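One chain, chain A, appears in both complexes that follow, with chain B as partner in the first and chain C in the second.
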Partner chain A sequence: METFKEIVNFLTNPKILLILSVVMFAAGLIFIRFFTKPIVAIAGAAASVVFFGLSMTDENFMLIVAKADNVPIVMMVVLVGFFTWLGMRRAVINDQLMEAGQETMERRETKQKVFVWPDLVYIEFLAIILCTVGLIIWSILLDAPLEEPANPTRTPNPSKAPWYFLGLQEMLVYYDPWIAGVLLPGLIIVGLMAVPYFDPNPKGNGYYTWKERKFAITTFLFGFLILWVTLIFIGTFLRGPNWNFFGLFERWDVAKLEALVNVDLSEYFWVIWLDGGRPTNPLLRELPGLIVTAGYLFLLPPILAKTVFRKFYAEMGPIRFNVMIFLFLMMASLPIKMALRWMFNLKYLVAFPEYFFNI
Partner chain B sequence: MSDEKQESPGAGAEASETPAAPEATAVKRPKLVPVKKAVPVKAPSAPADEGVTRRGLFSALGLGWLTFVGASGAFLAASTRFLFPNVRYEPPSSFRAGLPSDYAVGAVEERFKAQYGVWIVRNQEGMYVLSTVCTHLGCTPNWLAAEQKFKCPCHGSGFRMSGINFEGPAPRPLERYAISLADDGQVLIDKSRLFQEEKGQWKDPASFLRL
Partner chain C sequence: MARSKVMKVLTENPVWRSVFRHKMPSDDRNRVLVVLSNVFLHLHPTKVRKSGVRLSYTWCMGGLTFFIFLVESVTGILLMFYYRPTAEFAFEDIQALGAHVPLGIMRELHRWGAHAMVITVWLHMFRVFLTGSYKPPREFNWNVGVILLVLTLLLSFTGYLLPWDQLAMWAVTVGTNMARATPFLGNEGPGAALLAIGDTPLVHAGSDVRFALLGGRFVAAGALLRFYVLHCIAIPLAAAVLMAVHFWRVRKDGGISGPL
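Showing the complex of A and B:
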């Protein structure tokens, strides 16, 4: 049991966990036919239940899971897993049907139309009642956690956002508040709204498919499953006092010491690589970071358009392509910055603390 | 496509229903008659109104809008006024914090954290005052004496005893407040004057009390 816990603690080191989830994500999509088999899913679900049950015997894990705040997270993990699987399974079945020259499942279903009233309204009504009943029972069984009156001098340690914002809070560790709190969330919302406008491809409208929309599905699921759900998981289970990382079964020790001396790129460049002092002119000081950032945002898109994404560029045209690639690069910047922080202790590429502007 | 198909038989059915149910329409018709009678009564006045209607209508509309805009403006002004309280219960921005000899060398005094939001640090050379607001997003860090650092519980920023940021996302050091000696020998702290390291303001003698 102890070795099992040790192994899990090791695997839930965030660096390893994130790499693992990316590998699992890739494997899930590459071997999609295998993973969408019901028997595989049942085996996976059973394994997760066993793992969850075993974990419950650990007091440190129990402390987190049994917190009334965290109950929705367990539900979320289960629901996200199930519905992602369901969607992918239907996609695989549809792909096979279309290969055989047959109609998709959805096409067949929608051949027969039903009325909004009563058929749809009836279902909605039932759903409303069931949800209300569920919420009432839940609120009776679990009390809302009320804490002591707010005191500006006693910030709870760790101080956690509501569970659905823990991904954002994790983002704040790697970015300036303006970027992680305003720019990126805004881009997520605006970007998702913009998708139908820059994506004119009608494939996949109204039916599940994987073969026809590999890039779109991979990108979306990466953003949602890895950069949102996994970060929520990390924020809930692995972030402890002083916002240090803790293994899944590790005791939340307030005195855990972790030295994380972070360094800006300007210091790496001028002090460590060039062996000199940092220039006093802020613009000159941040020049390396500015060049890297500009290259990432302005040089990379045309290069990608000429190489990997040549087909997309031809289909979408310059404006749509550039909007798409901008959003894509902004999304990709999060894992890039996380990796830079974890591997090189790099804090900011561009840092103008004088003007509250950091990248 | 199929929606239209379903609609059209429905519409046809309604159309065919009306002649098929003469009784229903017969009941309705007497009700309609008084309305029709009422219209001719109004009719004589209608042409007289028509000449005025255009101008009258627009001036009435204009007046209505003006009233609406005025009322909204007044409401907005009242709400804005409401944001600025008549009385504010804030601690005075400058206060006395005892004699320098009350402070142990190399220690962080947390006594004034709750009331004034400051840490007072005494080292070999003198004393300085740090703000308890994290420069990342404004949480209140904790002083960890064992590790000799301020550590923020929100995103893990760490600051050395001097206030310099060295870990986590905080982009700049903690801010310092003005400190001096009062006539009675007590330490006088003025929170209305801020000193930011990244702007070179820590070199200002007012930010550090040499002892």
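Showing the complex of A and C:
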């Protein structure tokens, strides 16, 4: 049991957990036909239940998972997992039907019309009753939390945002607040709103499909499952006092120390690679980082337009393509920045602390 | 036969007929009329595509989100009877609510409902994305939906402060600290230092966007009142208006999505 816990603690290191989830994500989409089989889903669900049951015996795990406000996170993870499976399963079935020259499940039923009363109304009625019963049982079993009265002089450690914002709080580890807390959330909203205007693909409108919309679905699933849900999971279960990382079964030790060894790019460039001192002129000092950032944001789009995204560019035209690719690169910058941090302890690419401008 | 006699007495009188202007919905004509002549049901068309009522297609998450919004409205109004949004009383009122109302689960219903609504609204968006239902002609309604999703999160976030306990105060402190870093508008944001007249900064801790949000430099009485008003009036009103637009556009854009 102890070895098992140590293995899990090791695997839930954020670096390994995120790499694992990306690998699982890729495997899930590459072997989509295998993973959408009911038997595989049942096996996966059974394994998760066993794992969750065993974990409940661990007091440190129980401390976090039994916190009343964390219960919805467990529910969310279960529901997101189930519905991802359901949606992708229907997509695979539809793809197979279309390959065989048949109509999709939705199209087969689209010509038939049913009366709202009773066909739709009774579904709504049942859903409302089940939802009400569920909420009432949940409310009877679990009291809403109420801690000590608010006290501005006593900061709890760790101080956590509400659970649905923990992905954003986790981003603070890798980005300055102006990016993690303002720019990226804003771009998430703008990016989501812009989705319909970017997607030039007329297929897959009103039915589940994977084959016809691989790029759109992969991007969305990556953002939702990895960058949103997994980061919330990490922020809830794996971040303890001082926002230090703790394994799933590790005790939250306030005294745990983690060495701060992060280094800015300017130091890498001027001190370590060129073996000199950092220039005193801030602009010159940050030149390497500025060049890298500018290259990423301004040089990469035209290169992508000429190579991998040639088709998109032709379909979308320069303006739509550039806005889309900007948002896409901003989203991709998060995993890139995380990888840079883990591999090279890179703190900032560009750092003007005197202007609160760090990237 | 006894049943039909009861029904006869019940339905064949002027009072019943004044409320329901149709017969029992046992034939097609009256199934249509029951939807058309009811202000709540007429949100729906009278007939829908069969694919649109398939639960494995719709997941019912949009409908549930709306239902939970109604649950939150009802439980929220009941909670407002017991709650005073001041630093002096807020915590005590919540404590008293737990101690003095026998079998009371309104606060639980409200809190767990709020969490559930966040989940259902995410899943609703997820389903709409996977079925490509944001594609023409539904682009605009997807946008309305994104704003509604943000409003749901803001509703939950503003409500988080109201119990005025440690959990509330510090979660909101962490959340609103971000506003300090808003470019140009936050006192620790990039570019804010440029906005100055001579040596006098225009954007400082007492004038930045976080100050506007909290009504002070810290999460204190001012923030509690602001969040209360936002939570109980401003955001629900905005959400209600946008929901009306959202539902109306679902109808105008061709009903629950399906293959064209």
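Some observations on this one:
By our rule, the second predicted complex is superposed on the first by the 336 of 359 C-alpha atoms of A that agree within 3 Å, B and C clash if a C-alpha of one lies under 4 Å from a C-alpha of the other, contacts with A are read in each partner's own complex, and residues count from 1 in each chain.
The working rule: a residue touches a chain if its C-beta (ideal position, glycine included) is under 8 Å from a C-beta of that chain, and two chains touch if they have at least 3 such contacts.
Remember, predicted model here, so these are calculated numbers, not experimental data.
On the superposed chain A, the two partners chain B and chain C both fit, without a clash. In the superposition on chain A, A:Gly81 makes contact with neither chain B nor chain C.
Contact with both chain B and chain C is seen for A:Pro177 once the two complexes are overlaid on the shared chain. Set against each other, chain B and chain C touch different numbers of residues in chain A, with C touching more. In the superposition on chain A, A:Lys113 contacts both chain B and chain C.
By the touch criterion defined above, A:Gln169 reaches both chain B and chain C.
In the superposed model, the vertex angle chain B-chain A-chain C (Cα centres) comes to 50 degrees (nearest 10).
When both complexes are overlaid on chain A, the residue A:Asp69 reaches chain C alone and has no touch with chain B.
In the superposition on chain A, A:Pro302 contacts neither chain B nor chain C. Of the two partner chains placed by superposition, only chain B is touched by A:Trp243; chain C is not. Of the two partner chains placed by superposition, chain B and chain C are both touched by A:Pro156. When the two structures are aligned on the shared chain, A:Pro335 is found in touch with neither chain B nor chain C.
The gap separating chain B from chain C at its narrowest, counted between C-alpha atoms of the superposed chains, is 5 angstrom.
Under the contact criterion defined above, the residues of chain A that touch both chain B in one complex and chain C in the other are 113, 151-152, 154-156, 159, 169, 176-177, 181, 356.
Residues 25, 28, 31-32, 34-35, 41, 44-57, 59-60, 63-64, 67-68, 71, 87, 91, 94-95, 98, 105, 107-113, 115-116, 118-119, 122-123, 125-127, 129-136, 138-139, 142-143, 146-147, 149-150, 153, 156-157, 160, 163-171, 173-175, 177-183, 186, 188-193, 218-220, 257-260 of chain C touch chain A in their complex.
Within the complex, the chain A residues that touch chain C are 69, 71-72, 75-76, 79-80, 83-84, 86-88, 90-91, 104-121, 123-124, 127-128, 131-132, 135-136, 138-140, 142-152, 154-156, 159-165, 168-169, 176-178, 180-183, 189, 192-193, 195-197, 199, 202-209, 213, 216-217, 220, 224, 352, 355-357. Partner chain A is touched in their complex by these residues of chain B: 2-3, 6, 113-114, 117, 132, 136-137, 139-142, 144, 146-147, 151-156, 158, 166-169, 171-172, 198-199.
Chain A meets chain B in the complex at residues 113, 151-159, 169, 172-177, 181, 241-244, 255, 257, 259-262, 347-348, 351, 353-354, 356, 358.
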